[in-house]
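Both of the next two complexes hold chain A, though its partner changes from chain B to chain C.
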Partner chain A sequence: MNRRPHLSREAWIGLALAGSYLLFTAVFWAYPFFWLAKLSVTQWRFFDTPVFTGPRNLLLTLRDPMFLQALWNVLRFLLLYVPLAFVGALVVAFGLQHVGRGKAFIALCFLLSNVSSGVAMALVFTKIFSATGPLNRLLFDWAGIAIPWTTDPQLAMLAIALVVAWKFVGYYGLILYSGLLTIPKELYDAARLDHAGPLTRLFRITLPLLNPQLMMVLVFAILVSFGLFTEPFLITGGGPADSTVTPQMMIYETAFRRLQPSHAAMMSILVSAATYLLIVVARRLFERKVTLA
Partner chain B sequence: MIARRALLAGALASGLSLLGGCGPSRRVRPADRIRLWVAPNEAEEGFWKIAVARWNAARRGLPVQFTTIPTAGSSEDTVLSALVAGTEPDLCTNVFAGFAVQLAALGQVVNLAAMPGYAELVARRHMQAILPGWTQEGMVAALPIYSSPTLLWWRADLLAANGLSAPPRRYDEVYALCARYGRPGQRYGMQVVSGRSWADRWFDFISLYYAASKGQPYLQGRHALYNNAAGREVAGFIDRMFRQRWTALDFDAEEPLVSGLAAGAVRGPWDVERFAKLYPETLDRIVVGPMIAEAPGPGPASTFSDSKGVVVFKTSRVTAAAFDFLAWVLGDEDLNLLWLRRTGLSPARGDLLQNPRFADYYRTNKIAAAYAAHVASAKPPALSEYSIDIQKIMTAQLVEPLMTGRRDPAAALAEAVARTDRLLEAQA
Partner chain C sequence: MIRRLRALLRSRSPGGWMLTIAIYALALTWLYPFAWMVAASLKPTAQIYAGGLFSGDFTLDNFRFLFATADKLGRPFLKALAISALVTGAVTASVLLSSAFIAYALARLRFPGRTLFGDFLLLQMVIPTSMFILPLFVLVKELGLLNSLWALILPSMMSGWGIYMMAQSFKAIPEEYLDAARLDRASLWQTVTRVVVPLNRSIIAIVALFTFTGTWDNFLWPLIAISDTERMPLAVLLATFSKQYGSYVGPVMAGAVLQTLPLVLLFALFRRHFLQGMSLTLK
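Entry: the complex of A and B
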């Protein structure tokens, strides 16, 4: 006589926990993923049945000058954003090292910009950067000049990079600060005995030993760059001359304004691939194994 | 152990049923009511509350149940999501002409021109002059509820101080005003460009183009038409205003009419309520003028009409009853007056200033009367599925190069039109 296998109490609990996770993943990750993959090789406009079109969406996307411009804009943004974010985050991290009392409060203050509403922030910066805004008024009164922050194709991306850097610098600074805490003080003491100056200590000890945290910040910066939407959407609307259009804006407008979700699906796959590729390249180029043994 | 198994099975079943509930419901919906979505704002909601109550009390047809469009973002996104999920209502208001065309192209809305009683409604509401702008190849995807012409607001005190007793109608009057009033970097004669978004072109280039061309379309089929005399006139005006520094690149920092940063700016009737709440003293000093042109003709100048309409979805089981309700609401003069009083937006009818029913309202609301005078001559945007791309090209290839002086007007117009034609050809 066959008997059903008896499952222990732990097995049931494990099954339930794993099952709920698998169910969640299947519904909220696997299903959308496969639907996206299907959409990208079909023609579908929300209400009809998807029709297989093979590489049509891929070719359409690769030939779309606006999409290529959006990808190029991400690289332009990275070139401006990464130095701003790294320098700002290092200043925050080193600054925190020298704070005595109220360190937690100051750290929280830096995080505030990170958790505040992107929409509200974008609206505030729109006013600050306006041709008739307070910044330009000040410059005009002092030096008789006005800077077209958001209306010049070259400067508009810098304005966006400044806003996004302001938002993330505190967060990145805390990551770097956690790395600084792990570096043994003895290393600096030994370096001082060898007459190493502050710059030597920075470039020979601090930055190499911060490599894991710096890489983490770099990866986050790349993810932020490819996911950029709110700031350019609200501050510049993608202009001037499409110089601040981002892939996320393209995907949103293509899917929900132009009503071409299949085309948008292919765009999102290509953007994911580009993000992954850039992260792999960045890790290959800059990641170092750090051991304190 | 059995209890635990039962508990786990129960939890799993409830989870699955919960997830099942997220899917579209395909069950037969009760056909004994008309479901209506209205714009999510207090004024319009207040109107529909009264209108629907009157309809239901009179028992003229199927009862109506209304709710505001359940949106946190744009109405278009919500309508689209509802259509995909199968939870759309029978009727939906707050639909702009371009979105109605998209819905029609996707086969989601009824051709209202083919509904019984349509011709009677058009005649009763005096919409003959308005509807051509909403008709594409004989199809009317949405019926306009209101029409909000874009007009120029001027600070009467600043006009008077600079030698103008009435709002300017011609470019040369604006140039003269700017030359006297403008101080580069400090104050400007007029806000010319409304913003960066593709939709902002309705309130600058397209408004000015309609005024210059006396209401001629800027798009026909697969061709952009604005590289013509009217287009050159408008492009020349924009170019001169920026080259002379008589206008700023943007006016995002503040409301320019309040501080006098600009003496004039394009505003719609929806701004009356905003100014009444926030800047009542400025509103008292505002005088409304027509959209300017180089050589305006007699009578109300043409301009852009920011209108919203109502659609009937094809999936509705009660299309005829829904249209009956619509015809009753839109055709009833008392309700049109109620709409006007509640929202301050002119109903899309051509007899607003001639009809004695509205006379009292307009006698006491001068700004509203100025807008009403332009309802018949105001034109909606081109009926195109590709409104966004067309206006993005207009922004990037025409308006922005004129702002920065990167291109001369003729070259900017030629490039914008050529790119639009290429886009429309490729899409076709």
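Entry: the complex of A and C
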């Protein structure tokens, strides 16, 4: 092929295809991005022209007790959700490793909750958790207790965490399982020769070697918890006493109920920043370089 | 037959069998909410909380209520179902078509700025979409599309994630296939639809399934963009119906079944591709 100064047909097709996506992105991604930045430093109420107010939105948002409560609620959620998710995912991963044949069946059972409707399942769990619902009847028959799942401030968050864990444990389990497949069997044989018990093997071999997959699950869990909206919105509506209000609910309420979009824009920027901050901190604290040497 | 069964039984220790049974039991427990939902949708509301899962008088009254009576309460479920199907179908078709071609360009065509384009897609995926909901509302309002189905379709017509996932898979196509297509003077359309797509069914099934599920079950965006009950997709109409008529447990559960059914069917249909594709995305 001779080198020509102008572009080949292949390059033109490539540019046209990439360009079509860039055009789409300019309208539905870059333009909103610009608006978000503009809104965060102006005062605007959907109908008037935006007035520049500088850092006023930032100061207002940082002093908004509801917003701070919502951020605090994310941490409370993580405290319940992360242990549930990790234990559940490890059980699924070891379960998949243990069963020989029906592996696909087990995986599909746990994954169905992940691909089915979040809206429908939130409504179903509202009924399952209700005072006279099947869960409380089961508990009453077995232990003689009834638990006010959605009316107690502490338990309401646990109920949400259980629903979200139910939804994601299968997916996280599959991630961990894919990691388990990469651990060489010889390591366990060697450990057995050294009389290492099952717990030692778990904490000295399996978990350290699963670090990349465990980190992936942790990052996903952080992203899920800051993006929480459907489940608390439908199951508890943020209550009781604002104990399950999430940042996404705050942004929605502030923009479309209280009609303060510029305030809400600042919130979504702060929430994204908080998400990154937490992910960076988590990686600094828990990420290990694993090498098989 | 009996000998085979004995061999199977001996293949594990008794403890191992207990564990296997426990895992199966746990997997089936995970499906309990689905079973409860289906059972509740088929019982009169008064019997839902009374008695076991399979006891009670099973009828289709809840579904009849949803399609006939709810319409008179200003909750047109049949229409909502059609709207959900239309929007989800349009978005999925558009995402698959655009992603396949653009991913082919990204993975296989040489053009200036190609690596930059790939890096840009990665950058976009790192920024959470929930951040854009509010300014997207401003944009859609400026375009005069609030309360129209275009508000649900247009912003999701292309997907950077879809392009990226497909491109990762397209990179592994052996060069000989594409050489053969070039020798036969296949057009771009023919190359992508006849060579690239059939060789990458799993990843396309994954993108299709996640796009379909994400659009069908999208809640926050249509809740904001559509306020007219005549134009609401099923997920939002069902949520507003449940907020107002929460004591109608039977009909609400019937609606939940409708909302879940297409997703479960699709999942069951594509389960093999899905598991294969999942292992692709986890690499």
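Going forward, the second predicted complex is superposed on the first by the 279 of 293 C-alpha atoms of A that agree within 3 Å, B and C clash if a C-alpha of one lies under 4 Å from a C-alpha of the other, contacts with A are read in each partner's own complex, and residues count from 1 in each chain.
Simple rule for what comes next: a contact is a pair of C-beta atoms (placed from the backbone, for glycine too) under 8 Å apart; a residue touches a chain by one contact, two chains touch by 3 or more.
Keep in mind that this is a model prediction, so the values were computed, not measured.
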| item | value |
| --- | --- |
| Fit-or-clash call for chain B and chain C when the two complexes are aligned on chain A | clash |
| Partner chain in contact with A:99 - chain B first, chain C second, else both or neither | second |
| Partner chain(s) touched by A:166 [first = chain B, second = chain C, both, neither] | second |
| Partner chain(s) touched by A:20 [first = chain B, second = chain C, both, neither] | both |
| Partner chain in contact with A:175 - chain B first, chain C second, else both or neither | second |
| Touched partner set for A:148, first chain B, second chain C, both or neither | first |
| Which superposed partner A:36 touches (first chain B, second chain C, both, neither) | second |
| Which of chain B and chain C A:185 touches, first, second, both or neither | neither |
| Comparing the two partners chain B and chain C, which touches a greater set of residues in chain A | C |
| Touched partner set for A:91, first chain B, second chain C, both or neither | second |
| First, second, both or neither for A:134, with chain B first and chain C second | both |
| Touching both chain C and chain B, counted on chain A across the two superposed complexes | 12, 20, 27, 46, 126-128, 132-134, 256 |
| Contact footprint of chain A on chain B as seen in their complex | 1, 4-5, 8, 11-12, 15, 19, 76-77, 80, 83-84, 102, 106-108, 185-186, 195-198, 248-254, 256, 261, 385-386, 388-389, 392, 395-396, 400-401, 403-404 |
| Chain A - residues contacting chain B, complex | 9, 12, 16, 19-20, 23, 27, 45-47, 126-134, 140, 144, 146, 148, 150-152, 236-242, 253, 256-259 |
| Residue ranges of chain A in contact with chain C within the complex | 7-8, 10-15, 17-18, 20-22, 24-25, 27-29, 31-36, 39, 46, 91, 95, 98-100, 102, 104-113, 115-121, 123-128, 132-134, 137, 166, 170, 174-175, 178, 223, 226-227, 229-230, 233-234, 248, 251-252, 255-256, 261, 264-265, 268-269, 271-272, 275 |
| Residues of chain C that touch chain A when the two form their complex | 11, 16, 19-20, 23-24, 26-28, 30-31, 33-34, 36-37, 40, 48-49, 98, 101-102, 104-106, 109-114, 117, 124, 127-128, 130-139, 141, 154-155, 157-158, 160, 163, 188, 209, 213, 216-217, 219-220, 223-224, 235, 238-239, 242, 246, 249, 252-253, 255-257, 259-260, 263-264, 267, 271, 274-275, 278-279, 282-283 |
